[in-house]
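Next up, some structures in structure tokens.
Each of the next two complexes has chain A plus one other chain: chain B in the first, chain C in the second.
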Partner chain A sequence: MAHQRVPSLKDTETMLSSLGPKVFNACLVIGLIGLAAALGLGLAEGDNLRHFGFSYLVNFAFFLSISLGALFFLAIMFITKASWNVVIRRLAEVIAAIMPLLGLLAIPVILLAGQIYGWAQPDARTSHAMAHKAAFLSKDAFIIRWAIYFAIWSAYGLFYWRTSVKQDGSGDVALTRRLENYSGHALVVCSLATSLAAMDLLMSIDFLWFSTIFGVYYWTGGFVTFFAVLTLITLGLQSTGRLTKIVSMEHYHDYGKLMFGFTFFWGYIAFSQYMLYWYANIPEETAWYMLRSENGWGWVALAVLFGTFLAPFCGLLSVQAKRNLGMMAFWAAWIIVAQWVNLYWVVMPEFSHSFTISIMDLAAFFGVGGIWLAGITRLAMGTSLVPLKDPRLEESLRFENV
Partner chain B sequence: MKQSVIDPLNNTVDDPTRPTELVLGGQSYTTITETVADIALEQKTPKAWYVAFAFFASLTGVLFLMIGYLIVTGVGVWGLNNPVSWGWAIVNFVFWVGIGHAGTLISAILFLLRQKWRTSINRFAEAMTIFAVVCAGLFPAIHVGRIWLVHWLFPIPNYQAMWPNFRSPLLWDVFAVGTYALVSLLFWYTGMVPDLATLRDRAKGRVRQIIYGTLAIGWRGSHRHWHRYEKAYLLLAGLATPLVLSVHSVVSFDFATSQLPGWHTSIFPPYFVAGAVFSGFAMVGTVLIPARQWFGLKHLITLHHLDNMNKIILATGSIVGFAYATEFFIAWYGGNPYESFAFVNRAFGPYAWAYWTMVTCNVVTPQLFWFKKIRTNIKVMWVMYIFVNIGMWFERFVITVTSLSRDFLPSSWAYYKPTLIDILTFVGSFGLFFTLFLLFVRFLPVIAMAEVKTVMPIADLAGDENRPAGDYHGDIHPKRRKGDK
Partner chain C sequence: MKADAETLYGMIVEFEDVPLLMTAVSKCRDFGFTKWDVHTPFPLHGMDRAMGIKPTRLPYLVLGGGLMGLAAGTAMQLWMNAIDYPLNISGKPLFGIPANIPVMFELTVLVSALTVFFGMWSMNGLPRLYHPLFKSRRFRRATQDRFFIVIEAVDPKFELEETRKFLASLGGNVIEEVTENPED
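Right, the complex of A and B next:
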């Protein structure tokens, strides 16, 4: 409130300090055990790691999408010169700056491409439908493109984090201006890379199927999941006494609005793709949905419809829900699970035409997620959790929804 | 700000340490009221207004003459031919609906995103939305052929117990555009009520007092009024936000639900929405720049406002370019020979001139807005707006006509040419648009006075060091009343 004292950074703990190593070690152990378990289960199946490849792909795509969400969030916040987000921006910065690690985590996908992707199968290589794009959908081109994607994402992800950390020391306003100026081309280059990467990563599993909106579909899912993850991380940090007072209900209210808004937007994008393909009813387009609506996958499709769209839409509609931390935690967790199910539904039917789920999927989730979170924690350990000298920090501290 | 010493009306200097001033020239609440209300009440109507009104009203006359001729004669007076059964009427419809999008984006989405700069331009944009939707609505109505049966578009159980086809996207259009028109009108009017009351209180003639008084529906500015007004405004903003997406998405369904190469692609809904916002902002700019010049509104509609608008134009124009590229890529990637033919035909076929006009105006020239010099140069940006208007009309022309004129059967291919009637109808629709717009700037509050006042520093109780603690009363800054020097 206007008449209350504006909180200051002195009111709270802004360093991870002793918590950092604990979380880092725990995540690393969980991650390594998870990956080892998934790999072990995969080897035990004796299918040349085909099942493992798909399982891993779901989880890699999931955590990549969250970091991409963070990267786009930063670019949009800077280009619009937004101020409300400053107190929580460092969290987004470390999530985006983890891109080089995600680049390493992409290696299994590339190594197992021959098991995962339809275009890599020997009979596909010689098919008529492949003839014109054989050079594009080849292992070499695939590796080159992934190297480019990660070079782009890592460069921008590290740029935001490094520049912001640099400002912690100098308080130089010119750095903010540079962050704003770079965000223009960041959005252009990262949009192109993300759209094409989504097609490479997920759409090309079935190399016959195509959809112009697919990049937006993947991006939107990641964007909404990012807000859910941000909500849970902020809540977690506050429960240990960090960032208390400075991150207020007003900031959570904005998280809630963004989760709600992009839940709706995700539904809109998913509907655009589904409805147009259903209506025109062209076999080469509906095949993708047919596979995902039969043999048990139809139930998953309904879970995706209700889980990612209808339920959180209703749940987050009211102001009361967005300003209730219990509700926010619940819906954030819900969205994370639902978006994971969405990616599972996009990927897994290509592995098995009838519904399947295994402990390996869970192990791979903790494997990739543990290492991802360990990396994020490691980055966050060295610096303050809040940009200390951002020129808009004051505005963010006294921010209110009107 | 340093810059303000050099040019008091340039507030585009990027200073992250403080919020940008949105109202310039040492304004107070009183001067804002005077500036805006006097346009409608005190200022003598400029001669130029009469000239412009006479011109555009005549064009409106041409529009209705053409429509009359069409109704009496039939749609054969248009250039439609056998494969190209949708021509300029649909192109114009999509063009005008698209232009209507800036209003709702500014009034609803920018409101929810706390973009305070919207307050100076939202009234213009919302008015434009209504007028553009009026122009848009005309075209499908006169395209139906037997216009005396146009009410069949609505799901009223008529005398033959016939219902419209609910599975047709054309019917969804009726609902989508109808809802949009209604909500936009409601939004525009609700936002205008406090300002209409201001006009009522300042109007001198009895007739004006009665008219503005009726429109102000008893607004007295009490706390209760304001409380309910703000609640209603927020609710309308929330309801209008999905409408920004839905209207042009449904318009895109007219094309995308078909199986026609070049029409059927999943990116159409968001791509149409981005294009609509793009064209809408360009049209707002087209009318805003002359208006701020003529009515002396440069301290309210500042360079910062125009700079921001140009950034939105750059962003949405780039999204449109991204969609063009994705369509082309997938046309190749998908390997469907008809689809790739449609795109190669667009770029290198008989309509290549239209395609490259579209690409130049929508994708290439807006990229100049990367440069701040161009974003803040009034003359250059106005020319750019005209380019965008041209480009977005051509986009709809390219989509509609190229896909139809060369269909699956080469023996039925035909080249589409508009007739004079087509051209005059389209030109006439501009007459209608600008006639309504001229009436608006003459008789209604062109800037949302009440809203602009809330973004001035003096409205920020906490942020004003000149205000002693506990002083929550109005206008305490240097007062300027009429006659003061």
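Right, the complex of A and C next:
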């Protein structure tokens, strides 16, 4: 408001300080226990870690998608020279800069590829369709591609974080210009890497099935989950007295708009994929959906339809919901759960043709998630939670939706 | 310009800077005017609150329009494809939801968009080709470098002398009366 004082960074706490080590230790302990428990349960099943591999894959893909969402968020914010996001941008920067750790977390997926992916099975070689894909879908090519994906994501993720932290000291506007200029090729290169990675990570479990929109399907889910996570992290930090006053209802309103918009976009993408296969009705294409709509998975498919799309769409439609912190927290948590169920539904029917869920999935969730969040907290501990000398900080502080 | 009490449209007061304007606007709001407006060369944050403008009811109209479009899209396809002229296309159900969703979606969007556009027009009293304020030469600067508060004569709280005194107390530059009839 024009005659209201604009908040400044002095009005609030912008360091994690004593909270940092507490959260870091708690997340690390939860993560290690979760991973150990999941691995123990997996070994106990005596299936050469096949179930564990699928369970781990769901959760790895889930947390990777959130960090990818953060990376794309940064690139889009810089290339559009947006200012509203500056007060919360450091949070996105640490979530994106955690890519090298996610690279380490990818190792179990690569080691267990033989258990998870259809193309790695001995009988795949006899398939005629496989003969044309063999060069791409081979273990060596798979490993090389993952090395390239993570080299790309890590380079950009660390670039955004390091450059922004550097600006905390110098306040050099040229750094902002460089961040903006690099965001052009960042978007092109990361889009290609993410689209191919989605095919490698999730689509190639069934090497006969293909969908050209699958990369967008995976990316959109991660993007909307990222905003949900960002909402909860911001609310959490504010409840401890950090970032209060400087992050206002106006910023939450924008979180809400983005969550709403990409909830719809996800529905649009998911339906486009479904409708084309439904209408063409070609057996090799519909097989993917048939598997996911029978033997109990059909109920999960309905849960995905209502949970990831229709319910949050109706819930976040009104402006009052987006400017109500209770509603925002509720829908953010809802979207996180729903997007996890979506990935579970994409991955798990390939493991078991009839519906299954186990405590191992939960253990792997806390395992990967705990380590992921511990890494993010560790990165956030060293610096301010707000870019201190960003040239657009002032604009972000006085940001208002008209 | 000469003021005629019978054809008086309203009274305008000119401001040069934003803080003074905002304070004056808040005072007008607190005074209880209902038929009044503020004209500025560019959008001002916080103006809605300063004027005490309630959130628009347009979204509810649009929701209604969208639901009507959805219903129309559904009913149209149900009637045409499944009842009036059933046509079996490659063994698909006569009324198959996945195939019908694109049309349902497009009609939802179309009717919503038309409701936004024409709803905004009708709520703002548009289209309107003439406005009494056009007569005031001074008011033309509302699109350049001056801010104006306009109190309409039809406002229940409007009384020529009282309102003039009130507006004078706001600290604006010049108070001017604007008449209704177009001829000079």
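Quick note on the criterion: the second predicted complex is superposed on the first by the 402 of 402 C-alpha atoms of A that agree within 3 Å, B and C clash if a C-alpha of one lies under 4 Å from a C-alpha of the other, contacts with A are read in each partner's own complex, and residues count from 1 in each chain.
Simple rule for what comes next: a contact is a pair of C-beta atoms (placed from the backbone, for glycine too) under 8 Å apart; a residue touches a chain by one contact, two chains touch by 3 or more.
Note that this is a predicted model, so its numbers are computed, not measured.
Visitor: On chain A, do chain B and chain C fit together or clash when superposed?
Guide: clash
Visitor: Using the superposition on chain A described above, determine whether A:T176 touches chain B (first), chain C (second), both, or neither.
Guide: In the superposition, A:T176 touches chain B alone.
Visitor: Report the partner of chain A that touches more of its residues: chain B or chain C.
Guide: In the superposed model, B touches more residues of chain A.
Visitor: State whether A:S318 touches chain B only (first), chain C only (second), both chains, or neither.
Guide: After superposing on A, A:S318 lies in contact with chain C but is clear of chain B.
Visitor: Using the touch definition from the top, say if A:A135 reaches chain B (first), chain C (second), both or neither.
Guide: The answer is neither, since A:A135 touches no partner chain.
Visitor: For A:Y279, decide between first (touching chain B), second (touching chain C), both and neither.
Guide: The answer is both, since A:Y279 touches chain B and chain C.
Visitor: Does the superposition put A:T212 against chain B (first), chain C (second), both, or neither?
Guide: A:T212 sits against chain B, while chain C stays out of touch.
Visitor: Need the overlap of the two footprints on chain A, from chain B and from chain C, as residue ranges.
Guide: 2-3, 275, 279, 402
Visitor: Sort out for me which residues of chain B touch chain A in the complex.
Guide: 14-17, 19, 112-114, 242, 245, 249, 253, 256-259, 264-270, 311, 315, 318, 322-323, 326-327, 330, 332-336, 370, 461-462
Visitor: Which chain A residues qualify as touching chain C in the complex?
Guide: Against chain C, chain A makes touches at 1-4, 271, 274-275, 278-279, 281, 317-319, 400, 402.
Visitor: So in the complex, the part of chain A that touches chain B is made up of which residues?
Guide: 2-3, 79-81, 84, 129, 132-133, 136, 173, 176-177, 180, 184, 187-188, 191-192, 195, 199, 210-216, 257, 264-265, 268-269, 272-273, 275-277, 279-280, 282, 284, 391-392, 395, 398, 402
Visitor: Quick check on the complex: what are the chain C residues that touch chain A?
Guide: 18-19, 22-23, 43-46, 49-50, 55, 59, 63, 90-92, 98-99, 101-102
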